[in-house]
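Reviewing the structure listed below.
For clarity, chains are labelled A, B, C and D in written order, and residue numbers in each chain start from 1.
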Amino acid sequence: EGKTYKIYLSNNFVGNDWRQQMLRIAETVVKKPPLLGRVDLKIENVETTTQAQINSLNNIIRTKPDAILVDAGSPTALNPTLEKACAAGILVISFDQVVTADCAYKVESDWNMLPAVQAEWIAEKIGGKGKVFVDRGLAGAPISEQLQSGFEKVLKTYPGIEIVGYFNGNYALGPEQEGVASLLAAHPQVDAILTQGYGSGAIKALQDAGRPLVPVAGGGYNSASLVCAQTEGAQCILETNPAYLSAEAIKLAVDILDGKEAKEKHIFVYGPFQSTHPAPSKLYPDVKMQQIEIGKTAFPDLAPGLSLPISPDWVEITPQEAAGT
Amino acid sequence: MNIRRHRAILLAYLGMIILLLLTSVVAPGFLSATHLRSTAVLAAFIGIVALGQTFVIIGGGIDLSVPWVLNSAAVLMTLLANSQDAPLLWIVPMLLAAGALVGMINGLGVAIFGVPPIIMTLAVNVILQGGILVYTGGAPTSTAPKAIQFLAVGRIAGFPVVLILWIVLAAFATILLSKTAFGRHLYAVGTSATVAEFSGVPTLRTTVLAYTLSGFTAALAGMLLTGYTAQAYLGMGDPYLFTSIAAVAIGGASILGGTGHYIGTIAGALVLTILTGLLPALNLSSGALLIVYGVVILVTVSLASEALSSLFAALPRFGRQRGPAA
Amino acid sequence: MTELLNATAITKRYGGITALSRADFSARAGEVHALLGENGAGKSTFIQILAGAVRPDGGTVTLAGSPYRPRDPQEAQRSGIAPVFQELSLVPDLTVEENIWFRHEPLSAVRTVRARAMREATLELFARHRFPSIRPDQELRRLTLAERQVIEIAKALSRDPKVLILDEATSALGPQETEWLLGLARGLADAGSLVIYISHRLGEVREIADRITVFRNGATVAAYDTQAVDDETIITDMLGRRMDRLYPERKKTSTDTVALGLRGFGVDHRLSDIDLDLREGEVLGVAGMQGHGQRELFQALFGIGGSRGTVDVWGKPKTIRSPRQALTGRDGLALVPEDRRNHGLLLAKSVRENLTLSVIQRFTRFGITDPRREGALVDEMIATLKIKTGTPEQLAGTLSGGNQQKVIFGKMLLTEARILLLYDPTRGIDVGTKGEIFQLMRDLAAKGYAILFYSSDLAELVHVADRVAVLRNGRLAAILEGEQNSERQILRAAMLETRAA
Amino acid sequence: MTVATSSPSELAHRPSRAAIWKSALLDRASLIIPCVMLIGLLLVYASLRDGVFTLDELNLDTAAAMTLILAATGQTIVLLRGGIDLSIGGMISLGTVLAATRFGTDPAQAAAWAFGIVAIGGLVGALNGILITALRLQPFLVTLATWSILSGTAMIILPTDGGSLPSGWTMFGVSTKLGLSSSVWLLAVLLVFWIWFKRTRLGIAIRATGSNERSAFLSGVSPIGINIATYGLSGIFAALAALYLTTQTGAGSPTIGKDYILPSVAAAVIGGISLFGGRGGLVGTIIGAFILTIIGNLVFVLEVSSYWQPIVSGIILLVAVLASSIAEKSARRSLS
């Protein structure tokens, strides 16, 4: 058909590398086939507050766009506003931090699968017994809850494993490093660390404290991958929450607006795990796990905060485009 | 040393020691040299940011632009240096000057145009945040140069470099506050700008200088912090807003100005760092942690409160006859 | 007649400082009872105890025969005691009428303040006691010190007190307003109230008081009927020593050098066309009714607020746009400001810090202050002015009123500026020290200082100044010299046209 | 006027009418200037978007600003007292999670809990007041601590965003009467409250205490009483803000309160309230909150690229405040 749709992307937070990459990918992907010329994309960023996002969404709704894509500050607080948008005939797709409103499509990573696979890998790595630290993420954040309970659920199935300490990594390097450092001081023995952030902060804390390296779970950032690849004896499993979720959401919007029925309202996007020691998962036999390797999953020349992988399979995005350099 | 004047500061240290003892009960490992060292290093970052904040608050203002002055310096440093050490020779002085300049703009807005400090520095913070995103396109930057990493985590004869830096800065700040005309003027301006003006104090210069210093220390802390985590990331300055103000307040300064000292702020930075280090070891839920955090802050600063210390003062007189109320 | 108020063995300590030690005081209804004592004797502390603002460490008070122990100012108010505080108890951000009726505003059915009733009550109060007219709806912050003083009095009277306490209520008032207040106090006493009257102006005390109690170092040293005692005895009891004379001998010390020359000097509509020469070695008095431009003259010369016209300082034209430009060492000008609490003193800082605030460079070497040199300056000034302070580290706000004024005076002296702008420098200062300050002024003049001197007490101008410049409606009305320099002539020059206008 | 012989002459010569007007204007400058600021912003906004001066726009903007206005009402009272209340962040979070977990579907139960939440707000605030007076601690530190404690409590009750509210509850903001949404009516009620409150003895005493604590005490204001009342009211308004917020979000959130701490202070300060107490009023604060909200709308219709959005909003804020500060300064200079 080739009609151009007016689509707004409402994003509640710009303050980290992942969100930046997500936004850049959204801007890039609408300038490339197959979406070239199909989308008049407007991005509305607000500074972290839910109130600001509600106000911004109200402004968006008044311009009657074809679709609103939303990376939400809260899974529930935007619901009344988004339901208003749906009622006005606007297509609503939430992605990354999704909302619970029934009328909204949801595009996200599988937050049940990701922590389960990581915890399983860690548990197997330490032979089903030992003491571990678990990252609680950011206090009050919904994904933090999911990741933490995902870790715990699997770890509980190994009677030999004991969670001896929790810390709040806040999805930032500094707090992760500080949190692990504090726990290390209190616990002479630790056998694995499950972070929700980078993992590399945990490794740095172990090194600073002069402790032996232990298996670490973290996120799929270039820096984490690099540290795992370059550190002697590092054992890592890195999950992926692809920053191209925005591209997937845009594509879904265009498809639905074109009249293609979506198969489901809740869509999971899967990226591969990366590991220094890939191993098959028994819980989720289908997951892909890549070997961490310089040049393949870790790029010394690229920005450390880059989230990997970069492109979905239906469009080619270069690392430069993703990094904005 | 005059006990009355410095009671708040002394009690901030007392609070810190009590907290340390408490900590050692919960987790004996905390009093190990390694951990004390890493605590001190973490406190140094807060302490350096809070240095400028101390000056601004003593002068009757507040600096909310700290997070993004810090973050901007960190991001620009890694971006410009591109992991190389050599360019730091011009980058570091330039960014320190740029931080100072931002502080100066804050100070001028407050002192010349009478913009409320909260609004002035808040707006500058937002503008800086946007400016950095526009300038870098939000691009993640390269790893911190080795030299900066050395400053942040390196050691000389087992002693952390950043601590040496902190001690030097602390000495500088202490002298500035206690031993110079600028320090005297700052307390006067913070106590009453009108009286200071009537007394021939250069109120404008004094205020601007305080904010300038705050911009400078925030930029410095930003670069050092980059060395600590080995990379700059967006949002790294955010935790330092309330922390820097709280460190100053716990250190005995009134946030309405005119009182306080950097020596107290040091204790404040240590209290906050020890506390954030201690809490994870308690294995509480996130909610319970916040509750404990609040209670400990309250108890610790209560120790420093005049009420308890005046009770101290009254102790030797208990035996004597009381007033008509008795 | 029985005693209405009886206080025995009142004691109050502040840390190491004893403000009151077993002081006694008793007064009857229907009398004006003066409470005298040198600065720091404990008068205000005693008043604050009566007012419920401070709790004594020991002693008992009875009011109309029953024990009186107010827990807070509110309780004191309910017992019919209304104080006019030396430091004033007014709120800058409320209006005049809101201040007067604060805490006992007339209320409507929905518990809000009835503005109309409050206005009427204010005007009625003003009329009943013949108050000077002050607009009731302005914010207090816009009032001059004298006006604030008057409002503080109105506030006390608004409670129809049984006991009215006037703690140096006339210190900021000019001759006419003082006269008015004395009449008012007399009237209240005659109507059966007790008026406790504190002042350092003996003339007033003599005019109005029936009886006198004298405090020294926190204890009662004497109590007598005013008729039965002479001034010398009172002063000796107050100071604990004899005093030869209040006013120094006036020798002509002025030269022909003009220290401060004003031509066409003015401040918006409040001051205009002032041509005036202040000579080296001269004490030039400034007089006028309140609000006729004196404070504008002093402030503008010190660089506060704008001004027009030319100012020559030691023969050279000088622009003064800020106090900083005025305070330029020996060639500069220094000011004792009108409002000591808001303009002169950092109340929350020590005596030392206040004294040296304007002269930090005097003890700074290579950018570093030298505490020993500072200490020397401070100690010298405390000794010179006999500032009663526990240590130089005592907070200025905890000094007695007169001693606060001395700190401001000392702070100005330390600047070494040779042109001194003294706006009521002896306000609240006891007779003993007053004499010393006058002597000091004359000595400084003899050393080549030039002094511009305003006082709300005309006698001081007459006895200390070489010439007196009288302002009227913001203009120079007369310059009186020699025989002409008398209270009568000053008042004539100051008021003549006011009546007509 | 009666001129009696013993009455002293007027202390100052009579000011001219112009001078009286000028000083009256100056006394209100801190309110007039934000008004002008808001009008200026609205004019720019109206030139970029149709239908700005309509009831719809009023309804939308009021709903957008209302939570902030309620939070800032409490903050205003505390700032007038010369204090600051950070704990509203915790109280708002706690209020929303209590509402979202306890209201259930029974209207009576919901109503009871709504009152309960307001009561908790008042109690917690009163506790702040007691701690500040009794321990002689800075309000900043005490409320920082209670903020943390309240947030923690909220997080224990509801670890992450969720819960639900009765469907009628979320209809509150949408329902209209006479073309005005209930939010606008609520604003009107708030204004009536303020007109009443500022003229009560308590209202005056709070302002007076912020203006000069010592004078207020000497005049018979009880230090602990005034603090309990001030912080208690702040807590009550924080609870009300929480309840209103849940009508907008339909859910509870243990972290949402912190979003209102700094903005509540900013709205008050833009509206002319001094952090040093004593000056300003709620009308200024409400205007300040609308200014902050309109700036968001303005940046939206300006269609600036996404990275520029924070810069533009920062600059608008700065320019507006700068212009007003300069205007006020020059007005002051011209007077004295």
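Rule of thumb we're sticking to: contacts are C-beta pairs under 8 Å (C-beta built on N, C-alpha and C of every residue); 3 or more make two chains touch, one makes a residue touch a chain.
Values in this document were obtained by computation on a predicted structure and should not be read as measured data.
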Chain pair with the higher count of C-beta pairs in contact (A-D, B-D):
B-D
So which chain is the furthest away from chain C, centre to centre on CA atoms?
A
Report, in whole Å, the distance between the mean C-alpha point of chain B and the mean C-alpha point of chain D.
29
Between the Cα centroids of chain A and chain C the separation in whole angstrom comes to 71
Chain A and chain D have mean C-alpha positions lying a whole-number Å distance apart equal to 37
CA centroid of chain B to CA centroid of chain C, Å
43
Which residues of chain B are in contact with two or more other chains?
126, 129, 133, 137-138, 286-287, 289-290
Any chance you could list the residues of chain A touching two or more other chains?
14, 23, 47, 139-140
Residue numbers in chain D touching 2 or more other chains?
155, 159, 254, 307, 309-310
Dump the list of chain pairs that touch, please.
A-B, A-D, B-C, B-D, C-D
Flag every residue of chain A that touches chain B in the complex, lowest number first.
14-17, 20-21, 23-24, 47, 136, 139-140, 164-168, 170, 172-175, 177-179, 181-188, 201, 204, 208-210, 223, 303-306, 323-325
What residues on chain D touch chain B, complex-wise?
82, 84, 131, 134-138, 140-142, 144-157, 159, 254, 262, 265-266, 269-270, 274-276, 307-315, 317-318, 321-322, 325-326, 328-329
What residues on chain A touch chain D, complex-wise?
11, 14, 23, 42-52, 54-56, 58-60, 62, 74-81, 100, 139-142, 144-145
Which residues of chain D touch chain A in the complex?
60, 64, 67-68, 155, 159-163, 170, 245, 248-256, 259-260, 263, 293, 296-297, 300-301, 303, 305-307, 309-310
The chain C residues in contact with chain B across the complex are 11, 15, 55-61, 69, 302, 304, 322-324, 326-327, 335, 337, 342-346, 348-350, 353, 356-358, 360-361, 364, 367-369, 393, 411, 415
